[in-house]
Structure formats: C-alpha cells, structure tokens
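There are two complexes below, and they share chain A, which is joined by chain B in the first and by chain C in the second.
Showing the complex of A and B:
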C-alpha cells in the first residue's frame, strides 16, 4: 500500500498519517481515510470548516453550528443552509420576533 | 442579452512563491454556470447566455496562498457583485484600499496571514455590506479604529495574533452590529475604561493569551455578552460584582491566570452560566455567594482555603451536576440533599471529620463520591443508605475504623486504603457488584479474590479428600465470580489469609 504523499507546505511528514506539521501560516486539516487521519496543509479551510490560528499551529475545525454551511468561528455562522435565515451568526427557519429579512435576502435585521 | 465577460485583469506583482501552492496563480471556483479560462495573467470568466438577471449570487475571488505583495487599483473593477474576497496567506504589507472602492456587496473579506501593520482611515469606506473580516496573523500594533469604524454592518472580526498592546476608549464604538470579536494572542496590557462601549450586540469576546494584569472591567458595557475568554493572562484578582453588566454570560474561560483574590459577589446574578472553574486562588477564604447563578451545572473551586460551606449551597445551585471542592480546608459538610441532580462530588484533600446521615441523603443521581484524604473518623450508619446509583466511593486515607454497608450494594469501586484502624472484614454479600477494591489490609481481599485454595500451599493437604471433579467445578465457580474483582493489596505467600 503506497503511503499517502504529503501535500506541499508540509514541514513534518509521516508515512501513515500524512502531514503532522504544516509550514507557518498554513492550516492543517485532518481528513479521515478509513481508520486513519491524514494531515493536509491548506491556505484556507474547505467549506464546512473554519480556521483557528495559534502561534504554534493553525487548524481547520469542523463547523458544528446547527443548519450552518460555513463558519467564522465555533459559534458564528457565515452561511446558513438553503432556505434558512441568519441572525447574529445563527440559522433559523424564520427570523426571530422583532426581526425580518430585508428585500429578498435571508438575513434578519431589526 | 449582452455578453457578460468578467475581465479579471489581474496584473499582480507576485513575490517569491511560498506555501502550499507555490508559484502561479491559484484562485477560487468558477461561479456556478459560468466558464472560466486562464489567459496568462488574466482570468476570463464567461457567464454569457445564462439568462442571468443579476450577477451570480456567491461571486467570490479566492487568491489565498499566493505570494501577492501588491494588488493593482483596478484589480477588482467590474466586480461590484463580489461577495467573498480571500487574500489570506499572501505577503501584503498594506491593504489595497483603492482596489476596494466599488465592492459595495462584499460580505466576507479575508486578509489573515499577511504582513499588514496599519490600515489607513477610509480604506474600508465603501464596504458597506461587510459582515465578516479576518485580520488575524498580521503585524498590527494598534486597533485600526477609524478604518473599522466605517464598517457599520460588521458582525464578526478577528484581530488575533497581532501586536496590539492597548485598547483605547471607544475603539469599537460604532460597531453596534458586531457579534464576535477575537483579540487573543496579542500583547494587550491595558484597556481604556470605555474600550468596549458601543458594542451593544457583542456576544463573544476573546482576550486570551495577552498581558492583562487587571480584570477587564470595561466588559461591563457588554450587556449581550454570552462567552468571555481571558485565560492565559496575568490577572491576580476578580473584583466584587465583576460581571454585573453581563447577565447573559454562559461561558467564562479564565484559567491560567495567577488569580489569588475573588470577590465574594463576583459570580452573582449569572443565570445562564453553566460552568465555573477556579483553581489555585489561595486567598479565597470563603465559598462565593452565587445568588442568582442558578443554572450552574459544574462548579470547581480547588486549592483555595475555604473552610466551611453555606447551608444554602444547594438552594443557590439547584441544577448542579458536578462539584469539586478538593484541596481546601473544609471541616464540616452541610446537607447536599437538595442538590437533587448532582452526580459527582469531589471533596478529597480537605479536613472533613465525619459523615452524618443527612449529608448525602436522597441523592438519586449521585454516582461518584470522593472523600479521600480527609480526617473522617465516623460515618453514621445510614449515611449512604439512600444513594441508589452510587457506584464509586473513595474513603481512602482517613481515620475510619468501620464502614456501614447499608446502601452500598451498587458499588463497583470501593477504596478504603490508608484507614489503618479499619481491620474488620468486609463481607462479599454486602458488595455483590464490586470490581475494584483498595483495602487497608490484604486479608480483607480474601473474601473477594478467593486466595485460600488457589495460591496458598498451606491449604494443599486439606483439599485431597475432595472428589477431583467437585474440586474443579468449585474452582471454576470461584474463579469466574472472584477473578473479576481486582482487590489490592492482593494476598500472597507473604500476606496469607490463614490467620482469618
């Protein structure tokens, strides 16, 4: 079985788990491959993940906000799923009381 | 239908390539339905004959991970419909302010991981729709107040991983729609008293990994704050009524600070707070007054010098599930019986002297109780009688001479080591579910690990008269039921059971 080759931008590569440490400023994304996790280095995290920068490691974290497709952070959604309304970084089937979607958008404003 | 060519005259000065994608231009996906072709330094985006009545909704330009150090003024001309612009992981020292002038529909702008040291006023003047802005991992030495001030629609911004050392008054005064503000990993050592005024909508503030020495008092202006982080700073005290202005707080992260003093009323009136953890506050002598903080589920106050607990503890914390007051100086325990949802109590390393009948009575959810390393001399007969799901009890290193078994039939883990005066036999019938035991003496394990026959030669001649088959059956039965119990200290040749 040919070990996965590390993507460019990798600073520390491992035969079975891909990249363990990326070059500065790049994000590491852990992709699942059967029972293994394969490290990949990216300049930006894919849709459905958000980047968390730290001095020692930048990491792509899964966006776990309900009904959200893309996140700014652990608790702020930047893009809700089709047909849902966004308000203060959360996704709703309809705008909360006192708010309404402006001229055809899906964003609730007061 | 006029042809919609989106010329993309990217006449860009490309510095030495770095990072994953190396040289050359790598930019984002083609808008849905359009056809994109690279033509040298240009990119031709052909969206003609698609029946479009407006520009593609999610038009985005992704230039992340190149070596861009300069962007031409007209780089994005004709792209008024641009929604997402990703310039992160480049070499920009200045923001291409002129190139942004027509981007009135831009909603997400990534500039993180560049070398930006300042942002001139007016730079973001036309970005009236901007919601999300990434400026983290740059070289900013101060908050770009005037530039940010023009972003009235901004909802989320990160200025993390820069070199900001002070937040002046009114730094974000016009950002009334801002919901998330990340300032972690800077060098912030001081805050203007009105630093956070105007942030009416702010729900998340992260000040972690800075050099703050004082508690961030200016947070009192953040009436909608739900999550606050100021861990990993150099803060020594939390004042009285510290969060009086933040009644909606759900999470506060302040670990890794040398906090010694905490005002008794510091954590009052936080009805949404779920978890509170304070470790090593050596000058905290009293249990905090948690009036109005009624949703707390987990409370940890360790390595302080609390010597007594209020009788009203459970009335203040009716939803408590986990309580950890280890490493304090507590001598007497109030009744926990009104802490009806509590599942775990850690009181080890205190000075508790007795366990009364009413102390833990009626705790229907209590699973684990750790009273090790105290001075418990007596446990009243029915102290554990009414704890139907208690499975772990640790009374090791105390002064016990006996243990009432009432109510402990469900135990799987029982630890009594270090009670030198406890020499009585523990009956296996009283503890049918035990799996792990730590006893003061080896012989107390004999009832649980069947050491008489299988290991001790002294008993060899006694078993000869038995029919071999019976013996094997008996051994097998003994082996299966007792072998699953791990009991220490395990009896052996030098610790025989024979003197039972």
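Showing the complex of A and C:
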C-alpha cells in the first residue's frame, strides 16, 4: 500500500521526500512545489524536461537550451519559444544564412 | 551547538520564532534564509536543480541506510552542491541515519571551504520537516549557541 505522499509506480517511498526509487522503465521527476521537493514517477518526462536513462535510475532533467520550451536531449530542442526558428536543435531569431523556414513552420531547411 | 530560529511566514512580523537546536557538523557560523527542501537525489551531479532566486537554506531529509537510496555523491559533496546553487547553509535531518553525522563531521574536518552544515534530529527535525510537509514557508535563522560566558578576569 503506497503512502499518500507517493504516486503510483513508486518502489521506494518516503513520507518526506516522496519517491526515492521508481519502478523499472519509469522516470523520477524531482518536482519543486514552493518549499517542498518530492520525487514523482512518470512514464515520460513532462514538457520542458528530457529523460535520461541509467542502469540504476531513469531521471527527468530540465531542458537547458536557450529559448527552448521542450527538448529531446541535453542539446536538442524540439520546440522553440514563440517567434523563434529552430535549426539543428537550436533556437534562433531568424534562420541562418542559406536556410529558410518552410511555409508556415518555424523549421529552418536549406 | 547551533540555535535555529524558525519564523513561519504567516506568523511574521508579530509571531515569536520557534527556537530549535542543532549541531554544527563543521565550522560554526550564522545564516538566514527561506527554508527550502532538497530531495536527496537532487544533490547529484546528474540533476540540475535550478539555482533559486531568493536567499534560502536547504534542508535535506536523509533516509535510513537500510532503504538503500542511491547515494550518488558523498554528503560533503551534496552540501557543496547545495551551496553552489545558492544555499546559505545546509541542514541535514539525520534522525534516520546516525552514520551521516559521523561522515559529515569527518569530511568537514579537512575541507577548507566555507560550508555551513547543521545536523538536526528527533523533535527539532520533526518541527522543520513538518513545516516542509505542510509546504509552510518559513524564514530560518542559524546562530551559534553562546557558551557559558567565561569572565575575562577569571583565570
């Protein structure tokens, strides 16, 4: 029976820290909610995070790419902030020289 | 010993702070800031907890060793990482992990850098973690508990 402080999919639960270890295949997200920070288990990472799989723990890490809203990995943005153009996983105010945004999208192609 | 004065925000400015006790694991000192929980796994190299904007003091609830939570870093490095992210001090709740107190004391003995680490347990830890569990914002002030005064002319 999982104590209230843990979401489903938690294998090791703590009253104060939330989840400490998720079941295999799930990702642990360290969710900050004001002063609290608890572990929650997710099948996939939310927008703004990317999943990192490791033998001992799968973890959701925050996207750190400039002007990026959602990412596939540490260095590859999949969704730039509004008004910006994406080129090779990065975000730009306009497409680099020799590239242009295909009609109506913000994807730069040659 | 460390004196920990806790003032829940909804009590300010009238409320009298709650006074708790802890122990400095290494150097003594003073610090003040917002109480902010850090999940033990957030203090690992692989995780990138954000640098907090406000001035804060981290509190980390250490689990019992029997629970085999992945350690990822020695406690000294966890404390260093928390302070690198802006914590003014780090409070470790060692209620369920007495060995952590020994580890921290020994490692802080030889570490040269400025790391203000306070250990709390039992009733004092329960008050702090209770605030965290209820997500009650509070300001924490850490002071050194004054020794019994030694009279200057006394010898």
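The working rule: the second predicted complex is superposed on the first by the 102 of 110 C-alpha atoms of A that agree within 3 Å, B and C clash if a C-alpha of one lies under 4 Å from a C-alpha of the other, contacts with A are read in each partner's own complex, and residues count from 1 in each chain.
To be clear about the criterion, a residue touches a chain if its C-beta (ideal position, glycine included) is under 8 Å from a C-beta of that chain, and two chains touch if they have at least 3 such contacts.
Here the structure is a predicted model, which is why all the values come from computation and not from measurement.
Enquirer: Does the chain A-based superposition show chain B and chain C clashing or fitting?
Expert: Here chain B and chain C can both sit on chain A without a clash.
Enquirer: If we overlay the two complexes on their shared chain A, which of chain B and chain C does A:55 touch? Say first, second, both or neither.
Expert: Once the two structures are laid over each other on A, A:55 reaches chain B alone.
Enquirer: Using the touch definition from the top, say if A:36 reaches chain B (first), chain C (second), both or neither.
Expert: second
Enquirer: Once both structures sit on top of one another, what is the angle chain B-chain A-chain C taken between CA centres, to the nearest 10 degrees?
Expert: Computed from the C-alpha centres, it is 70 degrees.
Enquirer: Determine, under the contact definition given at the top, whether A:12 touches first (chain B), second (chain C), both, or neither.
Expert: Second partner only.
Enquirer: Just how close are chain B and chain C at their nearest CA atoms in the overlay, in Å?
Expert: Between chain B and chain C, the shortest C-alpha distance works out to 6 Å.
Enquirer: Indicate the residue numbers of chain A shared between its chain B interface and its chain C interface, in ascending order.
Expert: Of chain A, residues 54 contact chain B in one complex and chain C in the other.
Enquirer: Could you please specify the touching residues of chain A with respect to chain C in the complex?
Expert: Interface residues on the chain A side: 5, 12, 14-18, 20-21, 28, 30, 32-39, 52, 54, 56-57, 59, 61-62, 64.
Enquirer: Once bound in the complex, which stretches of chain C touch chain A?
Expert: Those residues of chain C that touch chain A are 34-42, 46-50, 61, 63, 67-70, 93, 129, 131-133, 135-138.
Enquirer: Quick one: which bits of chain A touch chain B in the complex? Just the residue numbers, please.
Expert: 7-9, 22-23, 25-26, 41-44, 51, 53-55, 58, 72-73, 75-76, 78, 88-89
Enquirer: Once bound in the complex, which stretches of chain B touch chain A?
Expert: Residue positions touching the partner: 18-22, 62, 64-65, 86, 88-89, 107-108, 110, 112-113, 131-132, 136-137, 155-156, 158, 160-161, 179-180, 182, 185, 201, 203-204, 227.
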